[in-house]
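A, B and C label the chains in the order they appear, each numbered from 1.
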Amino acid sequence: MAKTTSAAFEYAPAPESRSIVDIKPSYGLFVNGEFVDGHGAAFKTLSPAIEEVLAEIAEADQADVDAAVKAARKAYDKVWSRMPGRERAKYLYRIARIIQERARELAVLESLDNGKPIKESRDVDVPLVAAHFFYYAGWADKLEYAGRGADPQPLGVAGQVIPWNFPLLMLAWKIAPALACGNTVVLKPAETTPLTALLFAEICQQADLPPGVVNIITGAGATGQALVSHPGVDKVAFTGSTEVGKAIARAVAGTDKRVTLELGGKAANIVFDDAPIDQAVEGIVDGIFFNQGHVCCAGSRLLVQESVFEELLERLKRRMSTLRMGDPLDKNTDIGAINSAEQLHRIRELSEVGDAEGAERWAAACDLPAKGYWFPPTIFTGVSQAHRIAREEIFGPVLSVLTFRTPAEAVEKANNTPYGLSAGVWTDKGSRILSMADKLRAGVVWANTFNKFDPTSPFGGYKESGYGREGGRHGLEGYLK
Amino acid sequence: MSRIDVRKTYKLYIGGAFPRSESGYSYEVLDSKGKFVANASLASRKDARDAVGAARKAFGGWSGRTAYNRGQILYRIAEIMEDRRPQFVQAVVQSEGLSAARADKVVDEAIDRLVWYAGWADKVTQVLGNTNPVAGPYFNLSSPEPTGVVAVLAPQESSLLGLVSVVAPVVVTGNTVVVVSSYERPLPAVTFAEVLATSDVPGGVVNVLTGSAATVAPWLAAHMDVNAIDLVGVAGEPALATDLEVAAADNLKRVRRAPAAEPDWSAEPGLEPMTAFLETKTVWHPIGV
Amino acid sequence: MTATSTTPGQAQGSGFEDVTRTDASLRRFLHGLPGVDQVGAESRAAGLGTRSIKTSAKAYAIDLAIRMVDLTTLEGQDTPGKVRALAAKAMRPDPADPTCPQVAAVCVYPDMVATVKETLGSSGVKVAAVATAFPSGRAALDIKLADTRDAVEAGADEIDMVIDRGAFLAGRYQQVFDEIVATKAACARPDGHDAHLKVIFETGELQTYDNVRRASWLAMMAGADFIKTSTGKVQPAATLPVTMVMLEAVRDFRDQTGTMVGVKPAGGIRTSKDAIKYLVMVNEVVGQDWLDPDWFRFGASTLLNDLLMQRTKMTTGRYSGPDYFTLD
């Protein structure tokens, strides 16, 4: 896209070197502190930008899941739940430090396996991962101050299933608080993005973490299902689609398992006519095009006050035409690859529904790479609440633009969804921010910013966006009794 | 012929530098058996003044850092202490007359205490702050903030663990500190200062004076640009402690009083060492369209 | 105060006559501009600063940056000898390399204009003079205008004026506006070869990005050819976010009026890396049209040598040292 606007100042390729990562031809499961063979049918993980096979990955079958849960149980009973908090803390600090030391390696591997731009994995994902471990390390010896009673106790073995959009970050959100509170874990990364989780397993080894405290098993839906429904699991933590989240809620019905679910969203990003307009444009772009829109809290519904609609749209289009799409490892890439053929198919399908329903599609002119899974940053105008693209989560770089006239109408439209994960408000008027925040039925409200994350800040949804919070003091609740 | 060792000069730590006392005075430091160890700088009134100036200058930057960053730096102090463990063990053996094994435990505790406080950097606000449900259309938020420059009279007995236990809670929340070490056992404080100087702690955040609390403390207690004072270093000296409290009243310093005897530093400290030097700020904002 | 040669509100028939009539109307307009969120603006500027400019792009950027330098000396100790040496360097920045481009201009105090002009001759390098009681701007208007006319008569191609920050911060926008209009008039020459007017805001004193945006519009409405961040005598001088807010202003001004205005960050830009960040920002915020010495300049002195060192590094493949470049 940038090609059309800067014929003379053309940025030369600036690729981050792949040589820092050492990808093995095949990976086993990480159980009880060692890599072991899986007994399911091995599968391949691809680099979505070039459709190149990166490695062969073991699939955990029921017996493998049993072994992992058993290892976690043993580590829980014999070691981890008995260890003083301040010693657990030091393991977590070690892990945080190793993540900082191996940051570039993790970032490159994440971008290779996921397709996200290196500037995001380098500047957002990996630093947040380290920060998350630091933060929860500090809680491990302070749980009595968490507001959960004088002597809160861990739950036991946590079965954790995470998605492909922020593979390592979601791992951190799951593992750090679980371990800090004295639980042990069995974690399953997504089948399209297992590599950083497997590198994390090596980091656990480098940190001399006692065997069985962290177990990483790989596989697809069936493996995940075996894990969350395993009777030896005391706690289920899931991040992913609302559909699977509901299935998990059904599966654990009648058991004592505790559950936290962080699911889909269709966030409204509301721009008032007195907004700081250039920053609002940045926030809109960041809200929907960050991580190719593969973000559950993405600002996928833009609600613009009618009086600034034309001006904002023009500025937004101009800004979009400077976005640089391409090689995820190029340091100047803003938009990387769609994570999988399946996801690309879904984005295309829903976008075609948008066309068919009469919305107007616009994308900046750009050449898509010949290989790999790509979808250009796209906006739909003329969208109403009745359109499917205004209701369903696309999970891609596609923005639906709607308008409103009054604050009340903005609130009504923003809340008119089964989801309730996040929302954005743009206005120079402080009292209006607080009033909107009051009325929006969403777990996170960003004002004059968007897609900000911090280990100290709780994250999670209302309604069908799930329950429970991750991050902050509130994030301890899900792992303590 | 045996090698003659090179001995270390023990100096003050002010504004990130290691000056001798401006007075030119020093005093003999003896080990627990009465044997000469080194000459320590004897801090003067003017050294105290310079240290307060350095602490004030550092306050804006230090309190303005993110809590996460302060936490990282405190953790870094712990890392460097662990790295120099034998030196600290030796210093504690020398100063406090403990066995090597007990001194080792003391160093463990001192390092773990720093780690404990490092974790508090980004949690103390979450535990002490909150929104307040006022009866009206207002957002109302209270949060703790550092009080400013804190003078600390470090414990006389516990030369390392005690020192760490009174300095860490003050700086982790964003205050800056002028600490007067134990008079008879000042050397661990100087070695600790050398750790601070190599741990990404900005100059002036912690200033270490070796010398006599009885001489220096009245100047700190009366200093109008010091916001608070911890009197634990004059534990068991009620008359001096009272005088210092009276002097501190001139600008209403926050005072952490001297106990009758030095506390047990191995016990978990709780929140009080931090809250003693925190202000609470409450912000009101209307809620309306 | 009355402007002698022009009437307020008649700047170039820009369509802002209603806006620029009184303090009140100016305040309504300037305070009606969209706000700038500090955190968002700084984060966007920092993001642009992470672009990685390598190989051919870097070579292009370094040469462009050299061509955009207003090589500056504004010291009490300046002498004809010093400014002559500077002018010589402006024409041939790297005597060892004839392919090295010359800089855009030499920027001096008015009393040095004639000397510089004489040295530069027909080289094409412009002479810029700071005027209007630079750097504080604390003088009566007639003195500021005389200062300007002196420089114009001595042959200055460009005048870098300072606004009255006191008046601006006190809300006397009309006074600031009128002074710019009057200074612009003093830049006129009978033969029509008017000196170009750069208006310096001293953004370090204006403090907020909202003020920078307002000052930008005020100056553009008054007829500024260029808007410039700083005198170099106050910290902070030019920064990326301040420059970005000014770039957004010239972009929006062109959208609204069709008139293009240049931007000049000055002070504090010392390294090639910094300069390239600015060029990336120009490229991505306002686009190609401004990537030209006619529309973007760097006010700098030490920057040039760093650009030259990087340029040599690009051709020789090894790092150079300051001993290999002229000091002037």
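Heads up, the rule we're going with is that a contact is a pair of C-beta atoms (placed from the backbone, for glycine too) under 8 Å apart; a residue touches a chain by one contact, two chains touch by 3 or more.
These figures come from a predicted structure and were not determined experimentally.
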- request: Quickly list, by label, the chains bordering both chain A and chain B.
  value: none
Most central chain, judged by mean C-alpha position against the global CA mean: A
Message: Among the chains here, which has the CA centroid at the largest distance from chain C's centroid?
response: B
Message: Suppose each chain is reduced to the average of its Cα coordinates; what separation in Å results between chain A and chain B?
response: 41
Query: Taking each chain's centre as the mean position of its Cα atoms, how many Å separate chain A from chain C?
result: 44
- line: Expressed in whole Å, how far the mean CA point of chain B lies from that of chain C is 49
Statement: In the complex, the residues of chain A that touch chain C are 5-14, 119, 123, 274-279, 282-283, 322, 331-332, 428, 448-449
- request: Enumerate the contact residues on chain A facing chain B in the complex.
  value: 86, 89-90, 93, 131, 134-135, 137-142, 145, 147, 407-408, 430-432, 434-436, 438, 455-456, 472-473
Statement: Counting only contacts in the complex, chain C reaches chain A at residues 34-37, 39-41, 43-44, 50-58, 60-61, 64, 248, 279, 283-284, 287-288, 291
- prompt: Quick one: in the complex, what on chain B touches chain A?
  reply: 67-68, 71-72, 75, 112, 115-116, 118-123, 126-127, 139, 271, 285-289
